[in-house]
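Labels A, B and C are assigned to the chains in the order they are written; within every chain, residues are numbered from 1.
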Amino acid sequence: MAGTSSSLAAWLTTAEPQSRAQARLGHAWQGFRRLSRNPTAMAGLAIVVLLIFVAVFAPLLATHSPIASGDLRTERLLPPGPVFWLGTDDQARDIYSRLLYGSRLTLAVVILVSVIATPIGLAIGTISGYFGGWIDRILMRITDIFLAFPRLVLALAFVAALGPGIENAIIAIAITAWPPYARLARAETLTIRNSDFIHAVRLQGGSSLRILLKHIVPLCLSSVTVRVTLDMAGIILTAAGLGFLGLGAQPPTPEWGTMIAQGRRFLMDQWWVAAVPGIAIFVVSLGFNLLGDGLRDALDPKAAR
Amino acid sequence: MTTAPPLLEASHLSVRFGVGRLTVAALDDVSFTLAPGESLGLVGESGSGKSTVLRAITGLAPLSGGHLMLDGVAVPTPRRMDFFTAVQMVFQDPYASLHPRHTVDQILAEPLAIHRIPDAEARIVAALKEVGLGPSYRFRYPHQLSGGQRQRIAIARALILRPRIVLLDEPTSALDASVQAEILNLLEELRRAFGLAYILVSHDLAVVAHLCERLIVLRQGRMVEETTAAALRDGSVKADYTQAMLAASKGFTRPAPADPAIAPARNI
Amino acid sequence: MTAPLLEVEDLRVRFPLAEGTVEAVRGISFTLGRERLGIVGESGSGKSQTGRAILGLTAKPGEVTASRLVFDGIELMTASPQVRRSLRGSRMTMVMQDPRYSLNPVMTVGQQIIESYRAHAPVSHREAKRAALAMLEDVRITAPDRVMALYPHELSGGMGQRVMIAMMLITGPELLIADEPTSALDVTVRGEVLRILDQLVAERGMGLILISHDLEMVASFCDRVLVMYAGKIVEELASGALGAARHPYTRGLIGCLPKLAGDSHPLPVLTRDPAWAR
């Protein structure tokens, strides 16, 4: 066992990789090694992995239905105990099970927002930075307009226009999330675009599209990834905020923000109803922040040696 | 002597940077020709415009006057694909001219992919061999290579399209002396093997004399003198400025101790 | 024979890294009088780390050890950080490679020279200004009062390096360490800067350590030359005695340079013997 793991490490860290795949895996492995030296980043990674695990295996881990109400006379607003591990809410639903299923929504929000917002931000930022001139001016003014509004307020406006619901909340958050990534990608592009290795591609006759996609975007990707990871906490909070205001996921969907909103009426006497999803939001946000901080150190090209 | 047009002819090149009253002439009325297989040196100090000549040839710096002919045909702006297969460039800083996230393999595959050249696999291995690197270097990242090895990769990238002209922008000034010797030898070998024509930009007269037969001395964007390496060697260059550079490149000469302040202090 | 200005014995600089400890300087010894000493080597030879270690400027994880590191009777290895800081800048100082990076871009040249003087000498602003003007004249800057009002980006490379030298010499140091002081400069400016350095060092009876990769320049400038390879001194040469070099590394280094007179094609290549690093 030890023999195979050490030979795998040697295969990954060899100075003479034999194939493209080996070189890439070795590179990724070295990035992971840098990350793994940072205990807080590993704690963040553990939280994020746990979130994914819980979301995937929610049906197996849940003890009750997340949506169906229990016996409203005897099982309503019970404190944490042996049957309902984290208590029940006012509809006599098991909070533990709702929390597990809620992680799916949180994860979906996180994934969809990053899948929608990151490419938009990258495209606008790199095009703006690479071409400069009036293209830059127009794209950056649009970005400025989006940046000028507080994110929750802008998301509220979009949801109000599109109608409440988790899908619209995700779209609204994505629309409000891309401007910082565009700014970041543009700043990175400005430092890269006049470097010799970009000149070299131009001298080979590479088209602008090729230079952008194959040479500039991969270099912007790491800093944008870090930024997106750090933003995850804010995205989760915005989604929860929309849910809390009744504009995100609609009851009885077990969304964490909606759960807090429903529990707030019982905050004084049955505190766990609101506190449990609140702690979950807090822990997951913290996890993404810690991971983002660690990634920044691990992916920083200046530190990479 | 021959009726065939020169490989590259530059006449009255001028390049200006900036707009309005702030324009600076980076290059002013520079003309030269390059024959097939010939090696031409461009010598000058910082601000002489020697690197701007290369950037003007490649189109990275737009010409504000003069014109360029390749094989007797005017070079269009923007440059067309056939220009890039004929003219390639090696940059000064091997730490900045290779993409930090691409392996050697990706770096060498890129020009082949752009020009849709088949049989990339074999050509990459051959290109590495030409610059004296084994196939074990193929999947390394630039940060795993030394400065000299990086410059070899940059040369391999320039040669993989089989150009006839290679522009060399201070290719050895970021390298140690022992590595410089290896790169200069490699450049000479490759020139012989492929009949390449070089335009070498350098501030180092000895390097230019080593690699080139003819050279042009530039100062503040203008041509000071067009001369030969032989004239540089025997010191028969005409312009005062070239003479001054020649004298300065021979190391430090202590002024005769006529100044009494210098001599006694030495003996403390 | 007076006591030497600087005595270095078994100086070592180590950098503990995640991949293992890297020893940049591996036990070098030399003494310096009031003379010009050159240290020559290629990148990674430890020449710059030697200069930094003497000044106490080794970058963070680096550790410096030496059995003796004595400057004018002061044992630097056991001296307190306060003592070292007060020595640095007033009695021993350093000129770096590129003046553009070692001058503060948002302060005028004059302010910087005056400030560095007043940090080490209890003088009035007016006196400091007078000294700064005199110092700029010493580095042969014409119209020093005009240059005092300039910002670093308004200076040419040669002028910037002369300002750097003025700033470093205004406190009257006894030891100057110049790390590649001319390699960012044009050849025609190089000679001028070296001549100024040469004259000031001689006039003031300072000790100079000139660190460079340029063997020919150092050999023509310095009284003695130490050749470093892989953190060790492999050879010591007298001024102008490059031809007498014995060590195959030094000879290889001289041989592999292209020469205007007596050039050879192809150039002889330096083959490194692992035994040199032992």
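The definition used in the following text is that a contact is a pair of C-beta atoms (placed from the backbone, for glycine too) under 8 Å apart; a residue touches a chain by one contact, two chains touch by 3 or more.
Note that the structure is a prediction, hence the values are computed from the model and not measured.
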Farthest chain from chain C, going by mean C-alpha coordinates, please.
A
Busiest interface, counted in C-beta pairs
B-C
Report, in whole Å, the distance between the mean C-alpha point of chain B and the mean C-alpha point of chain C.
31
So, in whole Å, the Cα centroid of chain A is separated from that of chain C by 51
Could you give the separation in Å between the centres of chain A and chain B, each centre being the mean of its C-alpha atoms?
48
Each of the following residues of chain B touches two or more other chains, namely none
What does chain B use to touch chain C in their complex?
45-46, 147, 176-178, 180-182, 184-185, 188-189, 203, 205-207, 209-210, 232-233, 244-246, 248-249, 251-255, 259, 261-262, 265-266, 268
Considering only the defined contacts, which chain C positions touch chain B in the complex?
33-34, 42-43, 157, 186-191, 194-195, 198-199, 202-205, 213, 215-217, 219-221, 252-253, 256-261, 263, 265-270
Contacts from chain A onto chain B in the complex sit at residues 15-20, 22-24, 27, 195-197, 199-206, 210, 214-215, 218-219, 301, 304-305
Residue ranges of chain B in contact with chain A within the complex
58, 60, 79, 81, 83-85, 87-89, 91-93, 96-101, 103, 105-106, 110-111, 114-115, 136-137, 139-141, 143-144, 154, 157, 161
